[in-house]
Amino acid sequence: MQTTLYSGFGVWDPVIWTIAGAVILLLVYLFWRSGVSTYRKGSEQERPYLSGNAEPEKNAVHIGGGNLYWGFTEGLKGYYSRLVPVHTGDLNDYMLWYFGVLVAVCALVVIFQ
Amino acid sequence: MSQYVPLLVALPLIAAFAMPLVGMLGKTIRNSLAIIAMAGTVTAALLLVYEVLVNGTIIYAFGAFDPSLAIPFDSGGVPIRILFVIDAMSAFMVLTAAIMMFAVVLYSLSSESEQTGQDGYYALLFLMMVGIFGMVTTGDLFNFFVFLEINSLAGAALAAYRINKGLSVEGGLKYAFISTIAGLFFLFAIGMLYGQYNSLNIAYIASVIDLTGLSLVALVLMITSLAMKAGSVPMHFWTPDTYSSAPSSITAILIVSSMASLYAIFRVAFSLYGVTMNVVTIGWIIIILGILSMFIGVSMALPQKDVKRLMAYHSVSQIGYMLVGLGVGVAVLGDTQMMNEFGLVAMEGGIFHIINYALYKGLLFLIAGAVIYRCGTRNLNELGGLGHSMKWTMGFFIIAALAIAGIPPFNGFASKILIYESVFIFNPYISVIAMVVSIMTLASFVKVFHSMFMGPKLPQYAEVKEVPLPMLIGMGLLAALIILFGLFPDLVVNLLIEPAALAFIDQSGYISSVMGGI
Amino acid sequence: MQMSRIVRTTADIAFPFILVYGFYIIIHGHLTPGGGFQGGAILASAMLLLLLAYRYHESIRHVRKTMMKTLESGGLLLFAFTALSAMALGAGYFYNWLSPGGVLFGDIVEVGSALANLNTAGLIPIMNLAVGIEVVGAVSVILLALLSGIKEKI
Amino acid sequence: MNDIFYAAILALLLLILVAGIRLVIGPTVPDRVVALDTINTLMVGSMILLAAYLGQTIFVDVAIVYALLSFLGTLAISKYIGGEL
Amino acid sequence: MIEMILHLVILSGIVISAGLVFALRDLVSAAIAFATFSFLLAIEFYILQAPDVALAEAAIGAGLSTAALMIAIRGTVRSEGDGI
Amino acid sequence: MITTAALICIVIGVIFNALGAIGILRFPDVYTRLHAETKMTTFGTIFVSLGVILYAAGMLTGTGDAQYLTLGIHTAIAVIALAFTNATGSHAIARAAHRSGVKPDPAVVDRLSEVKRRD
Amino acid sequence: MLTQLPYLAVVLIAGIGIATILLKKNLIKMIMGLGVLTGSANLFLVTLGYRDGGIAPIYTSAPEGVMVLSTVQAMTVTNIVIGFATTALLLAFAIMLYRKYGSVETGDIRRLRE
Amino acid sequence: MIRLLATMVAAFVAYLLLTAGSGDILLWSGPELVAGAIIAIIVGITSYRIFCRSENLRMANPLRILLLLVYAAIPLLIEMARANIDVAIRVITGRVHPGIIRVRTGMKTDLGLLLLANSITLTPGTLSVDVDEESRDLYVHLINVPEALRTEKSVDSRELFTFFNIPGWIRRIAE
Amino acid sequence: MRRRLSIVLTLLTVMMLGVIVTGLSFGEPGAAPMDDYFIENSQSESGANNVVTAVLFDYRGLDTLGEAAVLFTAALGTTLIFRRRRDD
């Protein structure tokens, strides 16, 4: 069964990639096996060591989704402060955009005909 | 000539019509009817696809004594009946829709089992499928409009299926309103074409069309309203509203119906107008819409907190890929050399992306539905630690997320690489933008993965179990197909995609299949 | 609240006549203006007349939702199966196999006649009737649902 | 005879416009309903005349539908403004 | 040509009633204007030799749509809020 | 002869219709306008239809074509339906108007407002 | 221009419908605007099929004449029913939204945004 | 049972009226008669509970129907003509003295009330506004209230008409 | 601002739709091959005097089925919205 995909410009063969991935996984597994052999589950070793402090609540250490990419959105504040308010949720605005695009596309088609 | 063609529409319609009556008999009988009808429809669809791939384009005339006779002898070479014209592209869309329907019906058996009014739910589900099948197979403009309306109304009613403190109703209302407007302007366009050529058949109109001002305005109206139905920027505003408030299984079908609208854009562009219109202008308009969709969609998705809303913005972004891929095909339609060089590959990428997108985006929405089904919330700030209890769901999520981000060896990569490399020849900047968007997609799904499945097991979700088996089967089917398509992309491209792309380009073939070689 | 006694009596008297007229429009659909949709809408208007003339709780005893749903589904199934019946004979979906020279509804139509030739047009009268039944059911269900939406606690 | 019919139809249609003035200016809602009712009645008359004028006898069916059903719209509106719906 | 006068009268009525639908702020009045719009549209269909369409518009536009609108207005509010 | 009768009927009908349409413009309040509307336009339409019926009868005797019988009978049915529903309709409007608080503006006596609403 | 009167009316009515949809904020009013737009589409379709001096496409004992086009009339009947179905569904949505949100102004129906 | 039969007959007659002139059997053709019979049965079953609410079948007497037609053709039309001329003069001159008065009807049946109210609405300058549900008294809006009636608590219905004893006719028809 | 934009867009759309006034002529449709076929053959093929009904139920029957399905959809949708729920 042929698996090579010719994209007109390059070649892409997923089977080779899969084999490579399998090899890498095998290597990772081997490294993992050769770890510390005295580690045991369910013993004292499992508890995190936080400079001798008590472990905090589970909820406290969980990072919520809203906190991710805070820096990204903060960095692109100028862009987002323009883009987000456009999504007003107002049905009239939706229709306005539709008719705007309608007229714009018509103008483009007529001009570049 | 095939007897399966009307069954594609008739079987789900009869199932939908019988559903309220059967619903009075009991839950088990109703569910079995749903499964039987779905299996029958999918079987008919698969047989049809097989026949199209083997024998070429199928013509079916409704109401004629001999359905394969498209044009009566005494009509002077004009098709007078409603024709279903199923070429390779239509067959491809039928296949996509059938797969999604199979998965969604299985999934719904469990996910909606707590709700009342399920007979209506299944009836509307089948009606939506009728709409999609009709839209992708019909060769008649007004018939397309009717199926569009069926699909829109059923979709809107289903989007409001769970009231959800009014949020779902709001989403359904926006969808219904916008679909109606799009349908009305499509009807205006149909009227303009009818007034000039006195026909509703796409192939016949394509054989006689010339570019008057009326045809031009009709083209603009059709493309714009269908682009709004497909949810491209800057008419995408309804997409996150409706997708996020609809039940997850319905969102998976809404995606397929937006795909059907996308198909219709290119059916209009390639088969109805073809080189009659100014292909470069139209192509660039579609490409610009695609670029805007890609970029704005993904950048709106990044800061979202609602998991379904985030995925909805991603679907806007993914639609951009298809618009770009197929739009490049439109833009180079008149130039045979450029078409052979890269246009065909770009179109193949765009078409391949349709089925890939439907698969992984459907799977993602089904997963989101599974999480909401168990946890009752969709806020990413509140979710977390589900990887401990929902292992299968997490596995499926990893597959789907990697596929949507275009990570090898999943199917998203296969279609995206086709788009990148061919579009790079057309215009390098577009390709670069597409890659950047792909990276941002990955970033945003890392966020989703982290906040849903990673982290310590939270106390409020201690009771959460794995979802029931039918839901898992539905999701697993899609995941298996994603891996299959990712591992053997060339098989799919050769078998399905390339005939579809060629069918789009070959306008004269489309016309002659109906008009009998005129 | 309900309308006055006069309006209620008018509704009572007009109801069967509107029904007759709706059926007249339906079964003459292939001869005169009209057909399944128009006649069905007229029949549904008769139901609306009852809904308007009486109190909500009184009128839903005359116009029952289950009955209307059954009519709706039954009409549509009749329509779909009538269309499907042509496929059993090997012809196309929606082929009008009853039309030329059949027994029921199979007469050849005369040119230039307004009424009277009821026994013509093949499957079309059956489909008209099916659509009429469906429309009266569907429109009544819509109106009842809208009324229940403003009258009942959900 | 056709000229008479035509003139009568034209007169009735103009009267519809005249009644439309009440629809525009009517201070209260019942005034507008009265205008609507007037328009309905005039329209039934003009439809009957049109059927005779065009020579299409079966067109009178439409007029019957009007006469029967325009009542329903009036009834719905008056049920609303009477506070009874 | 002489038929054009009939068209002129009816079509101006249609446009006026459509404008009333836009202009009247009281929703019940707007619904009445909408019913008038339907009626006049039906008679225009009638003159354009489309009795089937006129019948459908008469049955659906005149009675059923108005009733549905009135039910909806009873279920919501009667007066329109401030525009843009 | 019968054509002349039909002509006279139609002219009378149009005149009454015109008076009705003017009446709803001239009269001061809803109830008086309803008087004009109900009586005059119904009466006018009855006469218009009578004209058409006479015309149909004339054609029926002249040509013997059965379609004119249909025309006449259907016109009669339309008129009966119209008169029947119009009267009830204007009663409904008047009642609704009174219940909604539109009082007869110039009124010498109003017995209905005096009775206490029971329902 | 006088001969093109129906088309002119179609355009005007469509404009009024579009203006109602764009400028009004009340949902019921917008649904009425949609109805006006549907009416304009219906009028457009019927107008397309008219032939000068034509008679209705029904074989009766009516005077002889060329018949007007019939397909558009069938399409218009279809569209009228579709329009009613859409209106009813939208009105049901509006009623339910009022029960849940307490308003039918589009300015208030925007809990789903951004 | 007899109610069902009465409704079916009424429906059949209405259908026959609608399709008169279609064929050779008197005025009707064979298929029309068959279809009419089927429709009459369907309509009868659907609506006999509504059409004939009471077991009282007074109106099934054909003589009463005939009387109704005569009533509609002669007294009602003449009263209507008089009323119309009256209102027409008032349209032109604009002199009105409107008011709402209470009218004793004495009708025992709903049909009688309906006929009276519709007659009042269609005839002399009067318009039935409301009806008392128990006593079946009408509230009638007069376009010109005579001096004599302004002070009375309630008037008899006969005083509203000029030429004919309309309530008497209706009583003879409907009761 | 938005009001002015709405008005401008309405006018522009009306101008765009105005092409139908210039592009088509009322009362004189061009060639009508499909409809002439219907008018000539509907009586002999489907046996219906009313050409519109013949078109609706015979030649374009699928449209009619779809239209009935639309009405069915709307009825189901309204009943689903106002159905009784276990909870919300």
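All chains are identified by letter, namely A, B, C, D, E, F, G, H and I, in their written order; residue positions are counted from 1 within each chain.
The criterion applied here is as follows: contacts are C-beta pairs under 8 Å (C-beta built on N, C-alpha and C of every residue); 3 or more make two chains touch, one makes a residue touch a chain.
Listed by chain with UniProt protein names: A = Hydrogenase; B = NADH:ubiquinone oxidoreductase; C = Sodium:proton antiporter; D = Monovalent cation/H+ antiporter subunit F; G = Monovalent cation/H+ antiporter subunit C; H = Monovalent cation/H+ antiporter subunit E; I = MrpA C-terminal/MbhE domain-containing protein.
This is a predicted model, so every value here is computed, not measured.
Shared contact partners of subunit F and subunit H are C.
Comparing the chain pairs E-G and A-I, the larger number of C-beta pairs in contact belongs to E-G. Centre-to-centre separation between subunit A and subunit B, using Cα means, comes to 23 Å.
Rounded to whole angstrom, the centroid-to-centroid distance between subunit B and subunit F, based on C-alpha atoms, equals 57 Å.
For this pair, subunit G with subunit I, the centres built from the Cα atoms lie 9 Å apart.
Shared contact sites, meaning residues of subunit C that touch two or more other chains, fall at 1, 3-4, 6-7, 10, 14, 17, 21, 25, 31-35, 37-38, 42, 45, 48, 52, 69, 72, 76, 80, 83, 93-94, 96, 109, 111, 113-115, 117, 135, 139, 142, 145-146, 149-150, 154. For subunit G, the set of residues that touch two or more other chains comprises 3, 5-6, 8, 12, 14, 18-19, 21-23, 25, 27, 30, 44, 47-50, 55-61, 69, 71, 73-75, 77-78, 80-82, 84-86, 88-89, 91-96, 99, 107, 109, 111-113. Shared interface positions of subunit H, defined as residues touching 2 or more other chains, are 18, 21-22, 114, 117-118, 128, 130. Remark: subunit G residues 3-8, 10-12, 14-15, 18-19, 22-23, 44, 47-52, 57-60, 67, 69-71, 73-75, 77-78, 81-82, 84-86, 88-89, 92-93, 96 touch subunit I in the complex. Listed in rising order, the residues of subunit B touching subunit A in the complex are 173-174, 177-178, 181, 185, 211, 216-217, 219-221, 223-224, 227-228, 234-235, 237-238, 240-241, 278, 280-282, 285, 296, 299-300, 302-303, 305, 307, 341-342, 344-345, 349, 379-385, 408-409, 413-414, 417-418, 421-422, 424-425, 443-444, 447-448, 450-452, 455-459, 486-491, 493.
Chain contact summary for the complex, subunit C toward subunit B: residues 66, 69-70, 72-74, 76-77, 80-81, 83-84, 87, 91-96. Those residues of subunit C that touch subunit H in the shared complex are 4-6, 8-10, 12-13, 15-17, 19-21, 23-24, 27, 50, 62, 114-119. Against subunit H, the residues of subunit F that register as touching in their complex are 16, 19, 22-23, 26-29, 31-32, 34-36, 38-40, 42-43, 66-67, 69-70, 73-74, 77, 83-84, 87-88, 90-91, 94-95, 98, 104, 106-113.
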